[in-house]
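Okay, so chain A shows up in both of these, paired with chain B first and chain C after.
Our next item is the complex of A and B:
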């Protein structure tokens, strides 16, 4: 059983204390759908985790974690010359080392990879997911389409963040659950969010990663505290950021929505018939739209307006079933 | 020497829809899942009609086209030409499989 001391969060913990917990492999991050125990001798990682997971609870005496990872300083010459850190899990080192000061991007990248490989009981859509009025807004997208930027912006305007990367959908419960990690913003989107919300809790910027400049937006306290709440599917919106474009919201044909959900998912192939049934369910209960936008404020206004329709429709489930 | 094309062989084989094939109506198209290959494909209504006919009873392309022709529209010969590629593709992705019970054919 996990004992959560609700009054203590990572933000309450001095870096020296976080460092000690990391050294002893006692830092457990509960993301909602899964949990990760982290072991590290990197003081950089301790400080960086504190900045981008500030609201996550400090968990004492967790006797179970789904993933056990290590982010450790490379040995030999690399300890002294242009130091590096390694990511490992179960004695495997799936990635090349990163510079020691980029321990957080390595942790985020490595743990995302593990989650995508291992959580076979959930269908892991490649999508941002947010909740409002008890319904999930699913934002599937291809990289570069502005999904993370829009997810971050919505989370800063009253929508509850479940995930930026993994739409974790349970085929048995037919509900979403949070996979609550910080939103990874890349390149221009970092300044876009800084300008959009100057008080946004952004962590340090990491230049020259494989994806360019990366910075992480921390989840807020409400999102963290409600990360175990299951959420009904509400709507699917495929965002597309286009410079200078007028805002448009066009309804998607069901086969386009099905393809966007299934063929973009991390583990659709692995989930077999359960995955097919899960995507079929989502395509049946949700309507889908393509959102083209250039200004975040316009996009958010449009989604807020759209949500009224989604909410009204969700209140009439039996009527909707009959129409289908 | 005889030149046997495996695709031609498939066209005259007795096939059936494997157990566990799922089809989802998506309006103008269908999504179909094969438990044999683990693949999901987008199909048109004609292809799904083939699966549904062969779900009930194994058959050859000629037999399936005869059934489809009886529903109206095209002649069996026209349908055979139209469905030839789909037939091979459905077999390749595991939405059809050779039938072990050859004697159940309607021909």
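Our next item is the complex of A and C:
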């Protein structure tokens, strides 16, 4: 079943065909940890989704999606004068409309909101997550610290992207799973990534969103195809971009790591004791560092080097527990 | 009989054992938007049927159960703190609605998704209670003069308060219904019948008053659109209290007469019996059959308004029209036009597109 489905991806689909699927409400995006069915009459959205979800498979006849969203053109005079689009989910409309040409940011924002509200069976850390050698690198951070930029850069240098926003950790399996959406880059980081990798698959820029200019980096084919693989936690690194700073990597005490993971999470409170146990587990099996950097290349080579240690340590589970 | 399998499953969870994934999809979407998903999850858990639920649906059931318990913990904690804040006033402290069901550990409270703590104090102590709450960190919202006056003169509660340490709203009432509504409730009579709850410092309305409050709240409200959840609450209250006390129904009917709340009670019994198979005693059934023409019109209206719309298509015209009629009826019974028109004008000017329901 999977073999056939994954033959066709959004990039193989002409915009007119995507539009048709959106109109009929049968475009289903499987992000790994969750799935979204989209209904829309916006041709802007069809084109924009095709650009930033190119590798996601076209799923035919899905009989399940976690979220069912509509992005529809506003009725009445808003159809003609400064047209707008509305986001809704099962008759609920949580936000004010956006300008019609910003359908994608509205879809991304709205679906992120739904994910944060509804998936309390997972602990949703506010963190970028990438995988290498079967181990997850967790990059928790507050907005503005350059987490998305670093996540995007790593994903362009051989690390497999799981998510730039939701570190989806299953408290039962004690593993991460992908929440695979495009990486949302804001303001200066758009040019930073463009210079870092001139052929990076960036979607259109949206100049006037609530967070300023936004552009999305599409996930690559390998990340999409492996989005259902569960990943062991490897290490926690809190990134901090500081202009002109020398690279430094300082180890963190477990209680600092605990705070950085738990208190930034989207649903730490909702998950109750499960969330507490999950974060405790992460701070037990992972070591944590604070990474201060100013140049992406330096940060990436430091993380590549660090990963050899992390990999060696993960091979020795007993010794690793004894150190704690 | 019942048009929605997911509604039937709240009482008979065994029927979901045979559902296809498509049926599950419909059930999860409808119950989630109507705030009944965690309720369904609790019913299924009680019947030990969780392992028969297909995995994608089971995840969302579990998620909603966790969210429900978190929100209930918040309410319990806020009630605990608030009881201590108000203890020195030595006044009756009454929990209302969902908060009261939780404090009585009623079966219906399992899986409810509260967003506020509803409390009531006697009118004479309202100002004192408000001051005490404010000095304990509860804050009133920023309101303009019109809204402040609206709450003060025409409402049965103060504006919802918020607290930095409690991520829920606190609704402080001095009556169960607004003073300008179609029915004026003598709160004294209700306060004398209050009963202790399982939460220290808090009492709750008597069982019959709980039912009447909930019914009036639903059928006198301005926006009863698709509020099947209120009917599920009412069904749970009626079943539970009737089981606990054989004279419950007689006392309930008697009280409805006394408080002039027969109309909402009859509507409540009609819809509970129609959609949830709530057992209704013979005497009440014969009353339901002998209602007049006006009451039958109300049934048609509320039937159109309360019935959840099908997903993935536009709302039916019939439902929107009925909702408009109910809204106008509400306003006209509540305020004379000389108050209503300026109020409507004020609201219209302040309308924003955000947070609107489709």
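As a convention for this text, the second predicted complex is superposed on the first by the 320 of 324 C-alpha atoms of A that agree within 3 Å, B and C clash if a C-alpha of one lies under 4 Å from a C-alpha of the other, contacts with A are read in each partner's own complex, and residues count from 1 in each chain.
The definition used in the following text is that a residue touches a chain if its C-beta (ideal position, glycine included) is under 8 Å from a C-beta of that chain, and two chains touch if they have at least 3 such contacts.
Owing to the predicted nature of the structure, the values given are computational and were not obtained by experimental measurement.
Student: Does chain B (first) or chain C (second) touch A:151, or do both, or does neither?
Tutor: Once the two structures are laid over each other on A, A:151 reaches no partner at all.
Student: More residues of chain A in touch with chain C or with chain B?
Tutor: Counted on chain A, the partner with more touching residues turns out to be C.
Student: Report for A:48: first if it touches chain B alone, second if chain C alone, otherwise both or neither.
Tutor: After superposition on chain A, A:48 lies in contact with neither partner.
Student: Let me test your reading of the model: by the given contact rule, A:189 touches which partner, first (chain B), second (chain C), both or neither?
Tutor: neither
Student: Looking at the overlay, does A:272 come into contact with chain B only (first), chain C only (second), both, or neither?
Tutor: Both partners.
Student: Quick one: classify A:209 as touching chain B (first), chain C (second), both or neither.
Tutor: In the superposed model, A:209 contacts neither chain B nor chain C.
Student: Given the touch rule stated above, what does A:283 touch, chain B (first), chain C (second), both, or neither?
Tutor: first
Student: Touch check for A:259: first (chain B), second (chain C), both, or neither?
Tutor: In the superposed model, A:259 contacts chain B only, not chain C.
Student: Let me check the overlay on chain A: which residues of chain A are in contact with chain B and also with chain C?
Tutor: Common to the two interfaces on chain A: residues 269, 272.
Student: Can you list the residues on chain A that touch chain C in the complex?
Tutor: So the residues of chain A in touch with chain C come to 25, 39, 63-66, 68, 88-97, 118-121, 269-272, 274.
Student: Over in the complex, which chain A residues touch chain B? Could you list them?
Tutor: Chain A residues touching chain B: 253-255, 258-259, 262-263, 268-269, 272-273, 276-277, 279-280, 283.
Student: Show me the residue ranges of chain C that touch chain A in the complex, using the header's touch definition.
Tutor: Interface residues on chain C, with respect to chain A: 20-22, 24-25, 29-30, 32-33, 56-57, 59-60, 62-64, 66-67, 69-70, 73, 167, 309, 311-312, 315, 352-358.
Student: Which residues of chain B touch chain A in their complex?
Tutor: Result: residues 20, 22, 24, 26-29, 31, 33, 35, 38, 40, 42 of chain B touch chain A.
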